[in-house]
Structures are given as C-alpha cells and as structure tokens.
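In the two complexes that follow, chain A is the common piece, with chain B as its partner first and chain C second.
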Partner chain A sequence: MTTAAAAGVNARSIRRIALSHKLSRWDVRFSPYLYISPFFVVFALVGLFPLLYTAWVSVHDWNLIGGQGDFVGLENFSTVLAQPYFWTSLRNTFSIFLLSSIPQVLVAISIAAVLDFNLRGKTFWRMGVLLPYVVAPVAVALIFNDLFGDKYGLINSLLTDVGLGPVRWHVDVLPSHIAIATMVNFRWTGYNALIFLAAMQAVPRDYYEAALIDGASRFRTFRSITVPLLRPIIIFVIITSTIGGLQIFDEARMFDQAGQGGANRQWQTLTLYIYELGWNQRNFGRASAVAWLLFLIIIVIAILNFVITRRIAGASERRLRQKGIS
Partner chain B sequence: MSATIGGHDRRPGFWVYGVLLAVMLGSAFPIWWSFLIGSQDAAAINQNGMIWIPGGNFLANAARVIDTIPFWSALGNSIIVSSAVSLSVVMFSTLAGYAFAKLKFRGREGLLIFVIATMAVPTQLGVVPLFIVMAKLGWTGSLWAVIAPGMVTAFGVFWMTQYLRDALPDELIEAVRMDGASMIRSFWHIGLPAARPAAAMLALFTFIGTWTNFFWPFIVLGPGNPTLPVALQQLQAAFYVDYSLVLAGVVLSIIPLILVFVFLGKQLVAGIMQGAVKG
Partner chain C sequence: MKRIPRPTLTATIVGAASFALILTGCAAGTGSTAAKDEKVKLTVATFNEFGYDDLFAEYEAANPNVTITHKKAATSNEARDNLTTRLAAGSGLSDVEAIEVDWLPELLQYSDQFVDLTSDDVKGRWLDWKAKAATDADGHLIAYGTDIGPEGVCYRSDLFAAAGLPTDRAEVAKLLGTSWDSYYAAGKTFEAAGTNVPWFDSAGATWQGVVNQMPNAYEKKDGTIIATENPDVKKAYTSVLAASSTLSAHLGQWSDDWTASFQNNGFATMLCPGWMLGVISGDAKGVTGWDIADTFPGGGGNWGGSYLTVPKQSKHQEAAQKLAAWLTAPEQQLKAFASKGTFPSQVDALASDKLLGATNEFFNNAPTGQILANRAAAVDVTPFKGTHYFAINDAMQQALTRVEDGTMTPDESWAQWTTDVKALG
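And then the complex of A and B:
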C-alpha cells in the first residue's frame, strides 16, 4: 500500500468524521424544537388562527354559503347588540353558569371531605362518584329531559305527590336553567370531588393534630385548615369550570327537539346563539361578532375570578398564619 | 397515639356511609333510569311517571334505534376518531414532553409557560373560521375534520412533561448519548418506555374526551357521517319524542364507555387524583 493512497483514505475518513460531528451537533441543537413543533403548529392552525380570524370575519358581511362579502366595520357588532336574543342569551349563559359552577364546587368539596375519611372500600366509593363522567353530555341531556318532562316526568310526579305541583321545566326561565345546570353538575361534580380529594390528602396530618390540641371542632378544622390549603386547587377548578361553564352548548341544545333554546329562547346560551346565527341564519359575520364578545366576557370573568378567589382564600390563609399553623 | 382528628384515621360512623350511598345513588340512578325506560313498550311509558321495573322491550327498542339512526357506522366513526386522536395526542405529547423535561434548548421555560397558558384559551370560539377552513379543504363531513384539530393538546404536553421530569433520570439519557445514540434513538429507547404509564393514562382520558365530544363533530360532520353523540341527537329530532326509543339509544351508546369504566375505572380515579384535568 502506498503512502499516497493511505493519505487519501485518511483525508476522506477525516471529512466523514467531521461531517458526522456536524450532523450530531445539529441533531442536539434542533431536535428539541422539532419535537415540540407539532403542538405549536396545531395550536397555531386550529387555535390561535381561527380565534384571530374570527375578528376578521366579524367585520365583514359573510355568508355560510356565499363566503366573504363587503367590509362593514362594526355593523355586525351593533346589529347583534341591538338584538333582544343576544341579551336573553347573555342572561341565560350567566344564570346557567352560576347555577352549575357554585353548587358544583360546594358539593364537590363536601363529597371530597366525606371521601377523605378512612373508609372501607375506598376505591369503590371513588369510582361510584366518577361514574357519570363516562356518560356523554348528549346522553345525559336525553336522560334528564325525560326526568324533567313537563307532563309525565318523574321529577314532576314526585313534586306533585308532595304537593309542590308540577314545574314547567321546558317553559319557564329559571326552571329550565336549573334543569340544564343539573345535567352539567351531574357529569362534573364527582370528577371535581376527586381533584379536591387528592389535594386534601396532601394536607399534612399533623396540622389536624395541632388543631385538635387547640380544641378545634371537626367543622372548624375543615374550614380553617383544609379549605385555605386547598386554595390553589380551588382557583384551578373555578377557572376551568368558568371557561367551560360560559360555553355550555350540548345540554342546552338537547333540551328540546328544536334545539334553539326554547320558543322564547328561555335557555338559549351564547354558544347556542352563535350556532343559530352562523348555521341557521347562515350569517357568519354576526356569529363571529358574538364569538368575540363571548371571548372578551370570558377573559374578564377569568381575571375577576382569579382576583376574588385569591383575596378570599388569601384572607383565610392570613388568619391561619396568625395562628402559627403554616 | 393514633390520631383521631377530624375522623381522618378512625373508621367513620354510619352517617358517612349513608351520605356516600346517597351520592352513589345520584350517580347511578339516571343511568339505571335510561335502561328502565329504554326497556318499556312505547305506549306504556306515558301512562305514569312512576316505573320501577324494567320491561321486556329493550331488544325491540334497540332494533328500532338501529333502524332509525345509522348506529353501526356512528359507532365505527366514534371508534376511529377516538382511537386516532388518542394515538396522535400520546405520540406528539410524549415527544414534546420529553423535550421539555429532559432536553436543553434556548427558550425552553418560556415556551413551556406558553403551552400551559394556551389551556385557558377558549378555542371553541374559533368555530366559524375553523369551519371555513374545513370547507375550503373539502373536509366538512369527513372524519379528518374532527381528527386533525385534536391531534395534540396543551394538556397532553404538560402532563407528559410533568411525568417525565421525575420518572426519567438524566444519567440514563447521558449514558445512551455517550454510546453514540442519536437524539431520536435515545427518545425511542429511553424516553418512550419510561413514559408508558403516563402515556396510557393520557390515552384513556383523551379517548373518553373525544368519544363524548359533541359541539364540533355536530357542526362539521352533520347527520351524513355522524359520531355516536351526533347520531344520538337525531333520535330526539323527530316531531314526537318516543322516550322508550330515545333512551334505548342512550343505553346502546353508553355501553362502550361503561365497559371502559368497569375495567379501567380504578385507573381513571388514579389519573384524576394525580392531576388530570378536564379533557
């Protein structure tokens, strides 16, 4: 073998090693971005872009079939704000939201407190409260529609038996909201109870011992120790249930055959209104205007929520600190 | 000394079990009711609100359901959509979670915070443009329109990041890298196996979330090519609502997830308690 040939081989393998080094450096450098990119691509395409593009659609005449029309400025907004149905939907949305979120959080915390006892058959009871979670909202709505039937429903039969008379669940405003909120609560209360239960079990048991030595009652320890320490998780559940609760569609859509929220829109929510404008009236411009208004409302409520819960929970935590527990 | 505070470590009294039993009845009764009514003769149920014994008509009602709505194709669609979305969410979330938890790159913390923040964005409000896009692509009425938007979720990424941070020792990755494994090989041989328990949980919750989803499939698929909830909705769309038919349909439609619950309910409870949130 000649020296020249050996030198040629060497030069080639050196180049090859250099190249593989370079590739390996690129691999280390760019792989992480490649791995996280699917999320950002999907979020940009189906999350961020549609939300922003909603603003564009909302300032145009835009038909479901005909597509984009003239630029109309804020006309869609002013038209929608002048519609009585918009305000009815806004009222309904808030009413159903309050009727579902507040009782849901309170009941979920109570159930969690009961599940936090040293129970026999823990798993059985925990699974029991979670059962409704696997039933689709549409199925839940169909079942409760029957139970809340105005004429032959089980609930009205029972109410009549105890002399409270039949309630017109599908006619009157507040009863229809209660019925729809019941469907939402049925599905999510147990789920949230398990979230609270997990947080309760993370509370160090010696806090309770200290409270016992101070002579605190069981309810008192719950209120003064458990609830304040649950603060972050309570805020979390309230915020997620706010974002979901203001967008209720399935249960309201299914509450009667027509699916428009009742003859006088007694239980039409804002998402149902968006659907009616966009897909029944084929007016995408107005539907988008309502979507943006709802978006702003959700942001405002989420911020309010955050501030208020922080303040309330913060106050009880300060009391806790004064007692030198945490 | 065994602590008795708040009854936390002592066996609780009967009232506690009484309360739990009441909650349990509240959970189970509506489901039982759907079978009670779904098994009646159509004419019998409007006589009286009080029916406590199942009738013998369930199979006949179920057969009517299958004649009225495209039950089998809706079931098939639900299986396809839910499986495809779960698979894709698990794949992409694990990959991203591995990167966020174990790889070093510029902007990592900021990008992760961004991912978490997007969980609070009500993307449902973008339905109008999303529908316009799907129409442009010619995907309305196609299962792709439901699968594509759900392919990876912020929650999935966050969940896998949290899990892998603790479950996978850095030394292990360094060791394989020293042996000359490429990034993707070290993910495949070290990251993926370590992620398995959390990935299974994520798949389970994504499957249930997709299976029960109504709003977007209802808008984009329509009655022509429905998933189960969309088909179920059609049972009530008739002028006259026959509840023995409707609730027999409900029973048929909830059987698959009830089976999932029977076999994997324990895992669902564990998953939620480990910090799963609404899917």
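And then the complex of A and C:
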C-alpha cells in the first residue's frame, strides 16, 4: 500500500520532471525564435505585406480614391515603360545616385581616417560630423534653396561677383543634379564617416606600428591596412547608400515649389515619378508598377555592388595575406 | 543538472502575447468615439488661414455641448494629400473638412462620400457660380462656400512713376484697360521707358488668369479631353508666350526667386486675387508703392477660394453640418474677412458696409473691399473643370516654364505638352 502509493507519487513526479524537461528543451529550442519574432511580425506587417499588395495593385486599374478597378495584367508596366518620363527619371535617379554615393563614401572614409588620429576634443569633432544628419532633410532643402537660387541665390551672386556667369540650377540637368547631390551628401557623409570610424577603431594598432617601423607612410598604411580590413563595412555602407540613393525623394521634391522635378523633368527621380502618378494623376496602378520596377532595379544594383566590392576588397585582402600581415 | 527556471518560458509567452495585444490594440483603438450623450466633439480641418480661430470659441460659448478641435495644415497641398488619402482609406477624416475650389471636379466624382448639405436655410446664400461649382449632377450640394478670389491688378505706383506712367488708381485702371491686348500694350509702353523692370512676374500666373476665363478650356462638359485641339487654348498659349518673351520676369510663381523678387523690384504688376494681398504685403514688407487697380484684363476673373464639407465618415454629421452652416454664414465670414482678409462669397456679405468700407493700408489705403466686390461682380464665366483639369493645367504650366527658361521653343514645348496630355488617358 505504502509502496504502491510511493510508486504512484514517484511516477507522477517523474512525469512532472519529464514534462519540465520537455518544456525547458522547447524553451531552449524555440524561445530564441520567439524573441526575434517581433521584428519579423512588424516586418511582415509594414514591409512584406505592402510589397505584395503593391504587386496586386500594379496589375489593376486603380484610382487613389475610387480604389480597385478592372484587372489589366501587365498593361500598367508596358504603359509606364513606354513613357519618356519614366526613362528621364531613371536617368536622373542614377545620375543623382552616382553624384551622391561615390563622393560620399570617399569623403566619409577620409574624414573617418582623420578622426581616427589622436585629435584634441575628439567628441566635439565626432559630434560635429554627425550634426547635419540630425537636421531634417526638408530643413536642409530650405537652406540649400537659398544657396542654389537661380536669380537671387548666394552661390550665383558669388559667381557673378568673381566674373563667372550664373549657373541655372533649376533649368539645366547636370547643375540641378549636383545641387541635389550636395544636399544628400551634406546629410549623409558624416553619418557614414562615423560608421567607418567605428570599424577603424577595431583595427588592431599593432599592424600600424609594424608598418610604421617598416617605414610605411600614413597614406600607405591607410591604403594597405585600413581599407582592406574595412571590407565588410565598406560593403555595408555601399549597399545602404545604394538603397537610399536610388530612393532620393525629399531633396528633389523640395528643390522647387512644384515638387515635380522641374518643367522638363530635369531632376525628377523615380520616387518623385511614383508620387506624380499616384497623387497627381491618381493612377495607383501605374504608380505601383513603377514602384515594383524600382524595387527590382534596387535588388539588381545591390547584388551587383556586393559582387564588385567583394571582388575588389577580396583582391586587396589576398595581397595583404601574401605579405603576411593578416 | 542544468535547470532553466520555469518563469522564463511563462514570461516569454506572456511577453509575446502582450506584444500581440498591443498590436491589435493599435488597430482597434482608432474606432468608436461616438457617445450617445449630447456632448459632441467636433474636429475641423482647415489649411493656410481661414480666420476661424476666434469663431470657434464663439460657437462653443453659444453651444456648451460642443467642443471643437481645430486641425490646421500649413499648405493646401498638404491638406489635399491628407483628404484624398483618408478618403481612400475610408476613415480618419475630420467632421468638417475644408477644401479648395480646384479639388472639386475630382471630389464631385465621389460625391456619395460627402453629406448632401442642401437645405432651405442656406438657399441663395452664395454667389451663383460659387454654389454651382459644388453641386453634383444630381443636384446635391456637397460643400458650403467660404471665400472667393476675385482678381484685380496689383501694381507698383513708384515704378509706374519712374516710367512716366500715371500712378492714380483710376487712371491706371484706364491705362490697363479691360482686354489682354491693352494690358500687354501698357506693358510695352512701360518697357519702352527703359526702367529695366519686367512688367509681370511669370507666364504661368498670367496663363492662370487667361484660362480661368474659358468656359471649356481642356474638357467638354461630358469629360472628353479637347485640350490639345482647342483653338482657343493654342491661341492663348501663343499670345501669353509672345507677351512674356519681353514682358515677363520669368519667375516661377511661389519659387524662392519669386518671393525674393518682391524685395528687389522684380516686376511692376501682377494679377492678384484678394487673398494675394496678404501674400504681397508679407513678402514685400518695407517696400512702398504697391497699389491695386479696379480692373482685370479680359473681363472678370476668379482665382481660388474654399469650401467646407462634411464627409460621410463623420460620426456627428448633423452637428457638423450645423457648424459648417454657421461658419459660412455672412456674419461669420465678415469676421473672418476682418481678421485674415479672406474675401466672402456670400451675397449678403458682399453688400455689407463693413466689407465695402474696408481699406488696406499697405496698398496705399486702397478701398480693397469695394474694389474686390466690383471684381467679384465682374466674374461672368464659370470655367468647367473636369477630372483631368488639375493634371492638364499642371502640364501646361510646365510647358510655359520650359519656354520661359529657354529649355525649348514654344513649338517644341507645345508638342511635349500634347504628349503629356495624351499620356494621362
């Protein structure tokens, strides 16, 4: 009797232990997924769903207010691909992207290299570099519009004073791109510089000391040690600035009062074109088609960037290894 | 044995569950604020300056059960984006939404989204064309008119004097005449005096005056687009550009250069609706010599003006309609005129001494009330604006700009405009 009872209790507690084992095994196995799930839940809601829904909209006639119309297949895509403004805005997007991203990465990495020296008042300089990032892009645009005015702008006044003709910032294609790229660079260079700086500080100082003892110049150490070891960060910065650069909107929209990228679409980017189709012409179907084309373009460019930068950086790293540094 | 304390798992589940709750909570939170008791909370969305700030307090004092929340957008474009987006979403609009006259053609397509405000109390309250523009095909009035923009011609009397032209209001009105040709001819005389100041600000602003006098510029009544074949449009395009080639300051209206030009003798005249007076006196602060002539080329002209609507989304449609009717009554609009200069669209208000006696110090003490009332009476054409009006006119403005900034010849720019209009369909 007592033994039977004891056996019963025992069996129960064994079962309980077994259950608690099982639970804690599940805990170990599944909890991590639960912990990171909020990000994916939110992403599915605000990222994946709009993406798929946009694809759905893009194959329909769709008015901003009226909503869904007839299914039209790929007609929206073929219509926008036949519009000259689509190709103009594609050209503008790439031109502004190249004019902003390339100088941005080069200047950012140089600024980071300078900040990496032992400067007096380190924090002051680092915060100073980040300051433009804190300013809202619209505010940046307002300030730069005073500089880039065609008739009464500061830059043109200076140019006229030194005897050069005024530049028609809002009329000619390239000047307008340069002006917009300047705003973008003003905002993002410091931010990227700080990312580079963080990576540079992780580079072991021994390498530099060894190289300096061997008689390498500052520039040489930068080129042969810093840049190759920054490879993953360079790839990261280039990919993020590609995504950002192909989606430039605020600066271009704020560049004049109409916000459509100029009378001849001199500086209309693809995102502005989407806005014009969707909110000005109320044609959500076509706007969604362009949005999807932009999405595909970004993916292609990002992959291309990844491959190219990996190859370039990989080559210099191999060189490094041959010299026995890494 | 390595033991993981049980609470971890429970905490995880509770954590995830409460996260999910927060998410669903967010989604459900925006709903039902409608209570059955008589206390009513109304939201009113406006933009720029309607001059209503004091009026809301007055209404609340007279109706203690009503509380009004005012949402003010900085620009009308912002308000338009907000309105259309929320109309599309089916929720989130205020109980009273202010709209601008140029949005009406599009909104009238969806007149079933707005409360029919037709009522005997407000019959005949507005100028005919003002109410007609807000009435849909079935005769439902979807919006109550607030203000209008009757246009006169603003001019710089000091620059006129420098060019040897008359400066007195009445004489200037005679000089400018009543046709576009006489307006341009006066410009040529001004230009010949050699003051090196352009006659008007831009081809685009002048175009706005011309096109608002055409009953069917871009579309027929049934909505067919005739813009590119309409000989009147082509003729106006040619004549505006011919005039602007020598007379225009080539400034895009509202651009930074345009704003700066008020401080730099940028131009001598501009077409100005009543609400523009406030813009000029603000941008031209410190500049003396601005005045307004009681005439307008090509007959009368109206530019802009607003309305109040009650969206069907509102939970208090009756209370909202009552408020909108009260705000747009002549007495209240006169108060708004006194505080912000919005020119009333109500017949009774237009005849009021308070309005007719109003003068504007910045414009050389001109009797602006009387002048603008005359200008409002001179408006005899209600331009038909169909669903594509906004986009076509926008493309036209850009076509004019392309010629003004030298990117294209008038013919090239016309050709591109034709392509743009075709692409809209």
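Operating definition for what follows: the second predicted complex is superposed on the first by the 288 of 326 C-alpha atoms of A that agree within 3 Å, B and C clash if a C-alpha of one lies under 4 Å from a C-alpha of the other, contacts with A are read in each partner's own complex, and residues count from 1 in each chain.
Going forward, a contact is a pair of C-beta atoms (placed from the backbone, for glycine too) under 8 Å apart; a residue touches a chain by one contact, two chains touch by 3 or more.
As the structure is a computational prediction, the values presented were derived from the model and not from experiment.
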| item | value |
| --- | --- |
| Touched partner set for A:V307, first chain B, second chain C, both or neither | neither |
| Contacts of A:N264 with chain B and chain C, given as first, second, both or neither | second |
| Between chain B and chain C, more extensive residue contact with chain A | B |
| Partner chain in contact with A:Q281 - chain B first, chain C second, else both or neither | second |
| Chain B versus chain C as contact partner of A:P38, first or second or both or neither | both |
| Touched partner set for A:N145, first chain B, second chain C, both or neither | both |
| First, second, both or neither for A:R168, with chain B first and chain C second | second |
| First (chain B), second (chain C), both or neither touched by A:A211 | first |
| Touching partner for A:G66 - first (chain B), second (chain C), both, neither | second |
| First (chain B), second (chain C), both or neither touched by A:Q83 | second |
| Chain A positions touched by chain B in one structure and by chain C in the second | 24, 27-28, 31, 35, 38, 145-146, 149, 152-153, 257, 279 |
| Chain C to chain A touching residues, read off their complex | 3-4, 6, 8-9, 12, 16, 19, 23, 81, 84-85, 87-88, 106, 109-110, 113, 251-257, 260-261, 264, 390-391, 394, 397-399, 401-402, 405-408, 416, 419, 423-424 |
| Chain B to chain A touching residues, read off their complex | 3-12, 16-17, 19-20, 23-24, 26-28, 30-31, 33-34, 37, 45-46, 48-50, 92-93, 95-96, 98-100, 103-105, 108, 111, 115, 118, 120-133, 148-149, 151-152, 154, 157, 182-184, 187, 208, 211-212, 214-215, 218-219, 228-229, 232-233, 235-239, 241, 243, 246-247, 249-250, 253-254, 257-258, 260-261, 265-266, 268-269, 272-275, 277-278 |
| Residues of chain A defined as touching chain B within the complex | 24, 27-29, 31-33, 35-36, 38-39, 42-43, 46-51, 53-54, 56-57, 111, 114-120, 123, 125-140, 142-147, 149, 152-154, 156-158, 186, 188, 190-191, 194-195, 197-198, 201, 205, 208-209, 211-212, 218, 221-222, 236, 239-240, 243-244, 246-247, 249-250, 253-254, 257, 259, 271, 274-275, 278-279, 284, 287-288, 291-292, 294-295, 298, 302 |
| Complex contacts: residues of chain A adjacent to chain C | 20, 23-24, 26-28, 31, 34-35, 37-38, 41, 45, 64-67, 83-85, 145-146, 149-153, 168, 170-171, 256-258, 260, 262-264, 279-282 |
